[in-house]
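Both complexes below contain chain A, partnered by chain B and then by chain C.
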Partner chain A sequence: MADTAEGTSVADYSWPEVDRRGQIGRRRTRLDGPVKSTGFARYPSDQNPPGLLAAKILTCPHAHARIVALDTSAAEAIPGVRVVHVIQGEGSEIQWAGDEVAAVAADTEDIARDALRAIQVEYEVLPHFVTEKHRDRAPAAQPGSERTDGDPDAAFASAHRTVEQTLGMPQMAHMCLEPHGQVASWDGDELEVHASTQAVSTLAGQFASELGIPATQVRIRTEYMGGGFGSKFSPDRWGIVGAELAREAGAPVKLFLDRDQEVSVAGSRPSAFARVRVAADEQGKLVAWDSDSWGSGGLPGTGQTPLPYVFSRLPNRRLRHTSVPTNLAGSRAWRAPNHPQACFLTMASLDDLANELDLDPIEFLDRNLEFTGRADVYREELGIAAGMAGWKERWQPRKRSRDSALQRGLGVSIHTWGGRGHASNCDVTVHPDGAVEARLGSQDIGTGTRTIVAQVLAETFGLELPQVRVSLGDNRFPQSGPSGGSSTVGGVCASTRRAAQDALREVLTRVAPGLEADPEQLTAAGGRVFVEGEPSRSMSWTEAASRIGGAPVSAQGRNPGPGRLISSGVGGVQIAEVEVDMDTGVVHVERMIAVQDCGLIVNRRLAESQVYGGLIMGVGYALFEEWIPDPVTGRLLNADMEFYKLAGLLDVGSLEVHMMTGPGYDERGVIGLGEPPVISPGAAISNAVANAIGVRVPYLPLTPDRVLDALAGRGGIA
Partner chain B sequence: MSDDAKGSGFSRRSFLRGGAAGALSSGLAAGLLPGDAAAAAAANDADGVPIAGPDPVEVELEVNGAVRRLEVEPRVTLLDGLRDVLDTTGPKKVCDRGTCGACTVLEDGQPIYACSRLLIESAGRSITTVEGLGSPEAMHEVQRAFVENDAQQCGYCTPGFVVATAALLARNPAPGEEEIEAGLGGNFCRCGTYMGIRAVVGGPGHGGGHGGGNVGG
Partner chain C sequence: MRPFSYAAPATVEQAVSLLEAEGSEVLAGGTDLLSLLKDDVEQVERLVALRGIEDLSGIDASGGRLRIGSMTTLQELRDHADAMAAEPALGTAIDGVASAQLRAMGTVGGDLLQRPRCWYYRRGFGLLAQGENGRSMVTEGDNRYHAIFPEGDARFVSPSSLAPLLIALEAEATVHGPDGERRVPVEALYRTPRAEGERENTLGPGELLVEVTASVGAARSAVYEVRQRRSLDWPLMAAAVSLYGEGPLVDRARIVLGHAAPTPRLAAAAGDLLAGRELTPERIVEAAEAAVEGARPMSGNRYKIQLATVAVRRALLRAAGMEA
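Moving on to the complex of A and B:
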C-alpha cells in the first residue's frame, strides 16, 4: 500500500485510500447491461456477414467404433451444399459418442442438416466403458502411486472416533448457453474469427498453427460471449474445421454446435469418488486421513483431487488415486477445477465425523482451523455466517426420528482459492478533448470485466463512467490473459491502473505550469485537476486535456508489475438450509448464506452477482445436474436441457451474501472471485440434508431416489 | 437433436411431405399471404389441412412493427427465420427444442418459443422480439429493471427472460410465486442471475437490500 494518502498524485502504483475512492468498491451497474437487455449486443453466434454459409457437424453415434466406410457423394449432390469436409475418414477409431466425423457448409442450416443425413457412414462398433463409478469393471483403470505423510496407521489406531464411507459425484456439463463455435471469414490470406471464447489473445496463434498461416494474419473478435465457465480456451477442432470450410468455400462460415453436441463433447467436469476414512481425538482434533479415490474426465481419466481439502496441514494421511478413462469426451476446466469435488469429499466426511463426536460442525471446524492456511479468515467468516444463519439458536444435532414429513436441516462448508491476476497489458490513451480510452486484448465473459476496467480508469482520472471508454475483445489490442481461474479481475485492474497512473502523470506534468505548481502537487478528482489542499487553483479535466498538445497522451501498463495492486488466496464460508420431504425425497434449498473475501472489491454489485451465480450453479450440481451415460449405448441419456436439469428461478431459495471488505481485506489488493463461491454449495447442501434426515446421502446430485435410498438404509453410490 | 434426427430419418421436411401425401405440394397455406393471393394459392390435404412446401413459400408477417415479406422453406422455424433471414438476432438459439426459453418472442402479444414454431405459422401475425421492446437509448421498463438489478451476466438468456418477464408483468404487475413459476419457469440461466430477475418481478427471496441503482458501497 502507498505510504501516503495523496490519491492519484503518488509516484508509485497503488489504490486510493478508502475516503478518496470515487469508483472502487461502488455498486455500479454493468456498462453492457443496456445492450444485453435489449438484444442489441451482437454475440459471435449473431454475426451474419454477407454471403454467410451455415455449417453443421456429423458426429459418431457410438462410444467406441472404427469407421469402415464413409461416402459423402450423396451429400455433395444436394443443391445448396457448398463444401463437405471429412474430419475422420475410413479407418479412424472413434473413442466417444459425439466425436466429429464430417462437416458440411451449405446455404442454410437446414440444407446442411439434409447433407449430414445423406452422408453414409459404416461403423464397426467396438466395446465401450462409460460408467466409471464402477471402478472394478473398468477395462483400463490406472492406479497411481500411494502417498503417505506421517503415520496414519498409528493415528487411526489411537483415535477417539473414526468415520469411513464412500462418497462421490458424477461428471457434469458446463452447459454454456451460447454453444461453442465461431464465424470464420477470409479476406485473401487474412482470417477473421468471431469466436465465443474466454481467450481472445491466445486463440490466434492456435488457429494459425493449425491452418498453416502466420499468427499475424489471424484476428479474433469477441465483443460478447454467452458463457464459458472454463470450457472455451481453445479453437477446438470445430473451430479449425470452420475456418477450413470458409477457406474452401470462399465465403464466411458460421459453425456452432447443436445442443446435444454442446452437452456431450464441449465441456464436462470430472467425476470424483473416494473411500474416505477420517479420525479425531477426544478433543475433537483431526488426527488422520486416508482416502482411496477415483474418477474420470472421460478418455483422459483424471488426476488426484487435492485431499483433504482446505485442511491440508493435517499431518497423518494416506492418499491413493486411480484414474479411470472412459469412452466419453475429455473433460475441461470447470469453474474452480477440482475444488468442488475435493470440498464435497472432505467437508461431508468432516461433517459426519463431527456428528460422531457429538459436536456442532462449526465448533468442530473451528477446533481444526490450525490445519488450514488462513485460520483467522475462516474463524471470522464462520462467526459472521453463523450469525446470519441464526445457527446457535436454530442448529440441532441430526435427527434420528421422523417426527414430520418435512424436515429441515443446516449444513456448513468452507473453501479456498488463489485468484491472482494474470499477465495483462493495457494501453490507456488520453485525447486532447478529454476522452479517455483503455484498450486490452481481454474479454468480458459475463463477469463484468468491461465495467470494472472502466471504473479503474474513471477512478484514476477522477471522472465518471460515461467519460471513459473500454475496448476489449480483439486480439489487435495489447495481449491480456485468458479468463480462467478468477485471474482476470486482478490482471486487468492492475495493468489498467498502471497505464492510467502513468498517463495521468504525463498529463499532470504538461498542465502543471499553467497552475503554477509541481506535477506532484496535482490531483485529478471530481472532473477537475487541482492543487492538493488548494482546490481554488484548479481547472476542469477538459481544460487540462486540451493543454496536452495536439497529439494524445498514451501509456502502457503491465501485470505483473510494481506496486501492491493485487494478491491471491481467499477463504469463504457457506451455510445451507434445506427442507426435505421424507415421503418423496425431494430436497428444497430454503436459504444459502455466503461469506466471502476477495481482497479489494472493485464493484460491490458485480462481486455479489458473482457470488449469487456461484451459489445458484452450486444448487444446480448439488440437486440436479449430472451426465447420465447409458452403459448399453455409451451415449448420454440427457444431452439436452429437458433431462439435464439446470436450477430454475424458484429452485434456489433465499440467497444472502456477505462480502468481507474494509481494513484487513482492502490492503490485499484485487483478488479474483469467479471460482470461490461455486466450491462449497455441494458440501454445504449435502451436510444440510444429512442434518435434516439423519443419514448421509453419499452421492451428488441429491435426487429424490438417492435420498429415499439413503433413508431406507440402501447406501452406496449407485 | 442431430443424432435423433438422423437415427429416425425424421425431419421437418419429411413430416411436411407426409402431410402432403396425395395432394398438391407446391401451394401456399392459407394466411401466408393476405387476401386473394392466399386463397388462390392454398391447397389442402384430404382432411382439409393446408399444405405448404417443400419448396420455398412467400410469407408476410410483422416483426417489431415493420411488415416483412420473405421467401422461406416451410420447415424453417420462426427462430431461424428471425435470426438467419431477417438478421433479428436478439432471440437466441440455445436448446432449439422448447425447453430453455432463450428464443422467447411475443406473437400477437403472447410469449412463445420461436424455436418451436414454424415461421409460416406466424404468417400474418405480429412478432415482437426483445429488440422491439426497447433500445439501449430508450429501454422498456423491464429492460431497465434488468440493468438496474444486474439481472444478466453473459447475457445470452437475457433476451428470452426480458420478453417473458414483460409478458408476465403485462398480465399481472404483481405476480405471486405460482404466476412467476408459470411465467418464467420455462426460462433458464446458466450464470446464475436469478436474484436479479426475482428482484425485477418482485418475487420471493429477492431481499437482502441489494436492489436499486448506483449507490455507494
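Moving on to the complex of A and C:
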C-alpha cells in the first residue's frame, strides 16, 4: 500500500499505512472520561425511573443446608412491601453460603431489608467443605486422568538439576466496584433492563427464555458499567428475579447485590495448587515437567490449567489434575481464565530451577524460548524489559544473608494470550449534514471501546473525534459479541472499519462527478475530500456529505470478514522489583515493568491504561487478595472491603509500560489486550520476593505471615 | 435498619440523661456505628449524637498538659501545631489511619471506644464468638488477625489507634455520668468481657467520655504499626512506648501493644527491664522479647508474636532516636 493511488482504494479493508494514520495509534483521551469523572455518567445502578421499587435478596447463611420451613407472611405484612418472592423453597438443598433464598421488592431499600429480616427460614444444617488446600480431606475430589508426553521419567533420571515443590494460590473475588444487578421495567409485555453487563447483545435471549416472552420484547441497555472482569455475562438469578418482581409489582425494580453478596457469589477465580517437578540439563535447557495439580472453583471444582505455561513445546511431561468441589459459589471467568494460575505455577518453578542452575533467570528463559510459540517476540521483549529495569547492572543472585531489614529483589515472568476479535456487526451512517455515526450492540466495560470505535470512524472518514458519534450499549443495535477474552477491540474495530470503508466508498461515488474524478481517485482526510495528488481539486467533508442526496448513506460491516484487520496471539514480559521487610514479612512492590505486544495499537493511551489496570490488579492478587472461607461456618470471613484487601494507590509502586509497535507488530492488525497484562504479576512478584529473601514463598498472596514462615523454613502447603 | 430515635443534646448533662436509658448509644463520628446498625450486628433504641455539644471538641496544649476533647476529630488533632509539637508520636498514630475520610469524620473518643473488628463479631456471632458446640469459633476457625494474648474467652483485639500511645503517656480520661465526673487512667476505660453481651469498655449507663489529658514533655514517645498495606489497612500489630527520664538513662518505660489482646496491653515486665538503665540495642531486643512473654498464639496467628517484638523494638529505637 505504499502506492498512494492504491491508498484510496477502500474495497480491500485494511488499516492505513503508518504515515497516513490520523487516529490509529495516537494517544487519545477516553471520550467518556469527563462524564465519568464528574459523576454525570449514569450507570445502570444510577437509573431511577419514576415509581421505582427497591429489591433485596435473602441469602442462606450456611454453606450446606436444607430448607426445612420457610414463612414469608410476616414480611408480606410490612407496610411498603410490594412483592415477596421465594427463590428456593422448603426442601431445597443449599450448597453454598450466600445462595439466594427469597427476594423482596418494597417502596424503599430499608423496608426491603426489614422484610428480609422478617422472613422465617428454618434450616437443617449439613456438613460442608470449604478448604480445598487440604485436598486429602475433600469429600468429593475428582481425580482426572493422567496425561504423559515423551518420557519424563527417563528425562528426570538423566537431568542435571531438578527442583520439586508445592505451590499454590487461593480463590479470589472479582470485586466489581459496581455490584452485579439491574433495573428492570415493564411496559405491558415489553421488558427493558438497564443491566451492568459485559454482554448487551446476548442478554436479551437469556432473559426472554427464562421469563417466557419473545426475545424481541426484551431491551437491554448498558451505557456505562462499573467493571465485570469476566463475571457479568448472564442475567443471573438476581436478574430474572428482579424482572419477575417488577412484572408482579407492576413497577420498575432496582436489584443490585450488597457487597457481601458481590464478593461471595458473584464471581471468583479458581484456586490452583500443584506439586511441580521440573528439570534441566547442563546447558540450562528444560528437559522434563511433572505436575500433580488440584484446585477448586467452588461447587463445580475446576479443570486443569495449561501447564507448563508458555513453554508448551517441552517434550517430556506428565500432568495429573484433581478437581476439588467445595461448598462455595461457582467460579466465573476471571480476566485471562486459568492463565495467572498456570503462569505462577510455571514461572515460579522455572525461576527456582534457574537458581539451582546458578543462572540469571532471564538468561535461563532465553535459552528455552524454543519451547514457546513466539521466541522472537519474547527475546525482543526480554531485552527491552531488562533494559528498562537495569537488570544487567542491578540483578544479583538470591541473597542468603540478611545485612539489613529491607531487602530488594527483581523477578521476571512471561505470558501469552490469544485475543482474536469476536463476531461483531456495526452500522455506519453518514448523514447529509456530514455527521457520522456508528451503532453496534457492543458495550464499553471500562476498557475504552467507545473511544476506539470513534477513532476508527474518524480515521476512515478523515475527521476528528468530535465529528463522529458512537452509539453502543443497546441490543437494538446490530448484534456484537460479549466483551470477554480480549475479543472486543478486534471485533468492533474490524466491523466498524468495514462498514465505514463501505459507507465512505458510497459517499465518494456520489461526489466524484462534482470533482470530475473517478471515485477511486478520491481521498477523505483532514476534513476534506480531494483528488489524490491534487489537493486543489477538493471540497470540505460537509460539502461532500451535502451532495449524497436527501437520505443518509449507510453500510453494515461484519466481523469476521474480508481483509487483514485483526489477528491473535501475543506475548508479554514483566519484571517486578520489590522491597521486603525481613523482620515483618511485609512486601512492597517498588516497580512493575510491562513490555507487551498487541498487534496494531488503536489508542496508545488506552492501551497503556489497560496494562496499568492489569498491573494494579496483579499487585492485588500477588500481595493481598484472597477469599477467606471460614472452616467453622463455611462463610467467607472477608466478604467486605475491609479484610478483602485491594491494592490502593500507595501499594502499587511505579508502573512502567512499553508497548511493542512498528514493523513486525502493526501489520498483524488489531489484537485484544484486556487479559495479557494481568497474567504475569503474581509470578513476577513472587520471583522478585524469592530473589530478595533467598527462599520461595510458595503461596500467593504474599502476606507477612507466609513470608515469615518461608524465612523460618515453615509453611509448606497441605 | 431497625427503627431508633435520634437525639442531639446541646450539653453534656442532657447527653448523660439521654444515655441513661437502656438501648442508648453515643453517636460520635459515625464512621462505624452506622455500619454496625445497617448490618444488624448491633441494635439501638436511641442514638445520642454528640456533635452539637461544643464543650466536647477542642485541644489545649499549654502548660505542659495536653487536653483533647473527645469529639475532636483525628484531623483536627493532626492539624493542631501545638499538640503535634508537644507529642509528635500522636501524629504518627493518626497517620496510621490512612484515610482522609476517616480522619475527617472519626473522633478521638470514637477511636478510643470503637468496637472490635473481629470478623466473627462483625458477622453476628458475638464478641466471644462461641459456636453451637460450645467451643470458640475463633480457635476452631480462622484467627490470623486475632489476639496473641487472649483473655478468658475473648480473642478479639483492641483496634484503637490512639489508646496504646495515650496509655504509654499515662493519659487520663475524664468520664461524665449521672454521678458527676470521674477521672481514670486511659487503660481503665477497657476491660475484657467475661460473658456474651458485656462490653469491652468500662463506661456505665449514662456515662460518656469527655476528654483525655496527658502530661507532655516528660517522656520520649513513639508509635510503630506493622501494616501490610500503605493504603488504608488495619495494623497487624502496633506498639507505643514512652521513655521517661533525661539523658541516656531511662527512669522508667511504658510499653503498650495494640492489636495484640482484647484490651490495649501494657507490657509491664518489658518496661521494667529498661527502668533505671541505659538504653542499648541489646536491652531493646530484650525488652521486645519480654513484651511477648506469655503469648498464647492460636492456629493462624503465631506470626503476630514476631510482629509484636519488631513493633516494640522499632518503637523503642524510634523513641530513643536510634532508628537506623
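By definition in this document, the second predicted complex is superposed on the first by the 706 of 718 C-alpha atoms of A that agree within 3 Å, B and C clash if a C-alpha of one lies under 4 Å from a C-alpha of the other, contacts with A are read in each partner's own complex, and residues count from 1 in each chain.
What we mean here is this: a contact is a pair of C-beta atoms (placed from the backbone, for glycine too) under 8 Å apart; a residue touches a chain by one contact, two chains touch by 3 or more.
Quantities reported herein were computed from a predicted structural model and do not represent experimental measurements.
S.K.: Kindly say whether there is room for both chain B and chain C on chain A in the superposition, answering fit or clash.
M.R.: clash
S.K.: Could you tell me if A:R117 is touching chain B, chain C, both of them or neither one (first, second, both, neither)?
M.R.: In the superposition, A:R117 touches chain B and chain C alike.
S.K.: According to the contact criterion defined above, which of chain B and chain C contacts more residues of chain A?
M.R.: After superposing on chain A, more of chain A is contacted by B.
S.K.: Tell me the contact category for A:S413 with respect to chain B and chain C: first, second, both or neither.
M.R.: neither
S.K.: Can A:S568 be said to touch chain B (first), chain C (second), both, or neither?
M.R.: In the superposition, A:S568 touches no partner, neither chain B nor chain C.
S.K.: Between chain B and chain C, whom does A:D583 touch in the aligned arrangement: first, second, both, or neither?
M.R.: second
S.K.: After the superposition on A, what does A:R259 contact: first (chain B), second (chain C), both or neither?
M.R.: The first partner, chain B, only.
S.K.: Looking at A:L649 after the superposition, I want to know if it touches chain B, chain C, both of them or none. Which is it: first, second, both, neither?
M.R.: Both partners, chain B and chain C.
S.K.: So chain A touches chain B in one structure and chain C in the other; where do those two contact lists coincide?
M.R.: 110, 113-114, 117, 635, 640, 642, 647-650
S.K.: Flag every residue of chain A that touches chain C in the complex, lowest number first.
M.R.: 110, 113-114, 117, 404-405, 583-586, 588, 623-624, 628, 630-633, 635, 637-638, 640, 642-643, 645, 647-651, 703-705, 708-709
S.K.: State the interface residues of chain B toward chain A in the complex, per the touch definition above.
M.R.: 1-7, 9, 11-13, 73, 75-76, 80, 83-84, 87, 89-97, 99-100, 102, 129-131, 133-136, 139-140, 143-144, 146-148, 150-159, 162, 177, 180-181, 184-185, 187-198, 203-205, 207-208, 210, 213-217
S.K.: Per the contact definition, I'd like the list of chain A residues that touch chain B in the complex.
M.R.: 25-30, 32-43, 45-46, 48, 54, 56-59, 61, 108-110, 113-114, 116-117, 175-179, 224-227, 229, 256, 258-261, 445-448, 601, 604-606, 608-609, 612-617, 635, 640-642, 646-650, 652-657, 661
S.K.: Over in the complex, which chain C residues touch chain A? Could you list them?
M.R.: Those residues of chain C that touch chain A are 1-2, 40, 98, 117, 119-120, 122-123, 131, 137, 140-142, 144-145, 226-234, 236, 300-303, 306-307, 310, 324.
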